[in-house]
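In the two complexes that follow, subunit A is the common piece, with subunit B as its partner first and subunit C second.
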Partner chain A sequence: MTNHQKLEQLFLDVFLIEPSEYRLDLRRSEVDTWDSLGVVSLGVGIEETFGYHPTPAEARALASVPDVIALLESRGIGFDG
Partner chain B sequence: MRIIHEGEGKCTAEDLAEAWSSSATFAFVARKSNVDTAWLERALASLPAALRHRHFCLLTSGTTGMPKLVVGARTRAEALARVLHEAQDGEPVEESIGMLPLAYSYAFVNQWLWARVHQRRLVTTPGLRAPGEALGALERARAATLCLVPSQLPLLFRHCTARTFPRVIRLHFAGGRFPEERLDDVRRVFPEARIYNNYGCAEAMPRLCVRVAEVGSSGRAGDVGRPLPGVELAASASAELSFRSPYRAVAQIDADGLHAFEDDEWLPTGDLAEQAPGGRWEIAGRADEVFKRYGEKVSVPSVLAAVGQVYRGEVGHHRDEDRGGEDGYVLVLCPAPSSVEVTTILHALRKTFARSQWPLRIESVDVMPVLPNGKPDTRALARARRAIRVTHWDQRV
Partner chain C sequence: MARPEVWTLAELRSAALHRAVAWVTPAARATVARELEGLGLHLATPAVFVRDAIDLGVVESVDTLVVVGGGALMDRAKLLRRARAGSLRLIVVPSIWGSGAEVSRVAVQGPVEGQPGEGKRIIVDPALVPDVRVEWPELVARVPQERARLASGDAWAHVLEALVSPLAAEDVRRDAAALVQRMLAMPLTQHADWMECSRRACELQARSSVGLVHGIAHTLEAPLRSREPGEGWGHARLCSLFLWPVLRLNQQASQKWQSHVDAAELESSALLERARELFSVEDYRRTLPVLVAEWSRVVRDPCARTNVSVVRPQSLEWFRTLVP
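Here is the complex of A and B:
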């Protein structure tokens, strides 16, 4: 499974969205379940899936799928291909 | 003082009839009661002289985990059996088929005592422990009444498949949230039955309200209807429901000793409720099943109702805390759901509830632990740590 696929699966699992709702440019404002508890849930999920534990400030700053990818890439987790 | 253990010695119904006819107070306990006999004997020995005759004692299911012996007066219980006969249009009924332990106050009053007072035949069965025998009794029924708890339905449907029981003409539910979302299935299996939602508690011995589930009625599982004649209900500012009833227990014995109820005493039901227009009452759930999580009200019964609409197995829960120490709960399914079922459940949760109301996890067990009265045993589920539970989804909070 590629990291893109892992991230998509994580979003489906954390925010309970349908596969058809997931997009690479999906934003927090478009996901009703991306609330404050969703921020916590996404942070824990990122650690479980990618092995990097975002700080609370980093998790709160995430506002889109590209933000998550950028954070992980900055920690050496690649999303090429 | 006599202790009758259900299913031991000669026919339980005969033992009960004999005990009911004699003056001495007796205790009637379930076959698989986990209550220490020495505790029970001490509790009975503590009864004052006034309660040593013409009374009876039943053990509650012990959702708190502490045994509690509830003392009823026979005249009060017989009066309730007559009131129930009117409220549930019992006259056309010829026999009562037992599929629950008779030591459960619901089955004891609604079935054994009702049959005795109204001189109807009582047919006892081992219940769904021996489904062939129990379903055979339903097929041979003659204008029968049947009492079930909602948690029996998944197993009943599994054994019934295409079978129907048109000779059951009265069907009662109590001992848990009324299975409003399963009524179509229930009506398919019992096509001629008038279905009743019975509400009460052991201290009420046991009935407070009865509502007939008409096609197209409120459709709300929490709607218990109006109080029976003579029964009063009241909710506090925080929605805790209390009652006064001429049929209720007269005393209880628990770890704190004997507590004799005063005639005008309001007794807590342990439920949260509010009165709806027209005098009907709506139960939100057990006080310990409705709680605040991050400032939002969580009603576990409401979640269980939503899950019951999309998952046909048994559904239980237990309380737990999230990683931050905030109160929450875990949904427990039996049998293990498929991945499609988990997704369907999750989407149903998202559609209806805020995230703070979602379960912390969705787990499954191979066998749902149940109390003697058939309800899922939430304490046993909480104790059954990860070794026997499979996690299908984790909210990760």
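Here is the complex of A and C:
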């Protein structure tokens, strides 16, 4: 499984959205379940899936799929290909 | 954090209670009637809300509500008192440990009657802290053995979910670790320290969060009661039942659970062993069909969303295959 696929699965599991709802440019404002508890759960899921533990400030600042990818890439987790 | 004033039974007896209503759990009703006779307390029947008693003119100008019971009864009284904007003094007398409701600023609002599908709601508000809590050791000492075991399981669920909560600060984890060590030395039966330990466990979860154990308990309680009325499906029983399965799920789903346990210098085997003592294969088989039916609501429950591992739709498979 590529990191893109892992990230998509994580979004489906954490935010309980359908595969058809997931997009690479998906934003927090478009996902009802990306609320304050969703921020906590996404942070837990990022660590579980990619091994990086976002700080509370980093987790709160995430507002889109590109934000998550940028954070993980800044920690050396690649999303090429 | 606001704390209730602490009274002894003698202080309760000497308090001005001539404008009070007492709301007493059935198991303690005879004892309360005997011990508090002559105080002019109106003992409302459990089925009657104090609000109803006041509205019906049973007691005029009520200024105090005395609640003798467990977490559900205390939570109901805390919410009622909050709705009256503090015009009612609330005195709580816990008849069993486990919930810690006698000190906490948290109340769980049960589903509205006739709408069991709505589930439970957690309300956090400093205005929910009772004014007075009464220590009545003789009352607690009469708790039957099985209820004592389940109440201990409730406290265990609180402290272990606080220990590994993604919202716990380091001081919470440190305090939780110390409390776990203390509780490991206690039996899952009557013990003089349970009331204090369960209060501490409740305070710790209020400073962090609970997790999937509570998400399951809060979601399943109403459907189970509807499906098997009179079978005693309550919060403590469900927390006790699902503690071991959830600990094991967390252990295999995330390294985080083990790292928190290691950091606390605890032995995971000891925790799992204690949780296993609270588990019942028979109860698990009875609840599994309801868990399967309600899983989509469990994963959306706020408690499940602050679990130490992500609770996924496919996590249900773990529970399906746990017991052959």
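We adopt the following convention: the second predicted complex is superposed on the first by the 81 of 81 C-alpha atoms of A that agree within 3 Å, B and C clash if a C-alpha of one lies under 4 Å from a C-alpha of the other, contacts with A are read in each partner's own complex, and residues count from 1 in each chain.
We take it that contacts are C-beta pairs under 8 Å (C-beta built on N, C-alpha and C of every residue); 3 or more make two chains touch, one makes a residue touch a chain.
No experiment lies behind these values; they were computed from the predicted model shown.
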Task = Quick one: on subunit A, after the overlay, do subunit B and subunit C clash, or do they fit? Just give me the call.
result = clash
Task = Would you sort A:Glu18 into first (subunit B), second (subunit C), both or neither based on which partner it touches?
result = first
Touching partner for A:Glu30 - first (subunit B), second (subunit C), both, neither = neither
Ask   = Touching A:Glu73, do we find subunit B (first), subunit C (second), both, or neither?
value = neither
Request  = Report which listed segment of subunit C has C-alpha atoms clashing with subunit B; options: 57-65, 183-191 or 291-299.
outcome  = 291-299
Inquiry  = So subunit A touches subunit B in one structure and subunit C in the other; where do those two contact lists coincide?
reply    = 13-14, 16, 33, 37-38, 40-41, 44-45, 48
Request  = Over in the complex, which subunit C residues touch subunit A? Could you list them?
outcome  = 166-167, 209, 253-254, 256, 299-300, 302, 305-310, 312-314
Ask   = How about subunit B: which of its residues touch subunit A in the complex?
value = 294, 323-324, 346-347, 349-350, 354-356, 393, 395-397
Ask   = For subunit A, which residues are in contact with subunit C within the complex?
value = 10, 13-14, 16, 33, 37-38, 40-41, 43-45, 47-48
Request  = Using the touch rule from the top, collect the residues of subunit A that touch subunit B in their complex.
outcome  = 13-14, 16, 18, 33, 35, 37-38, 40-41, 44-45, 48
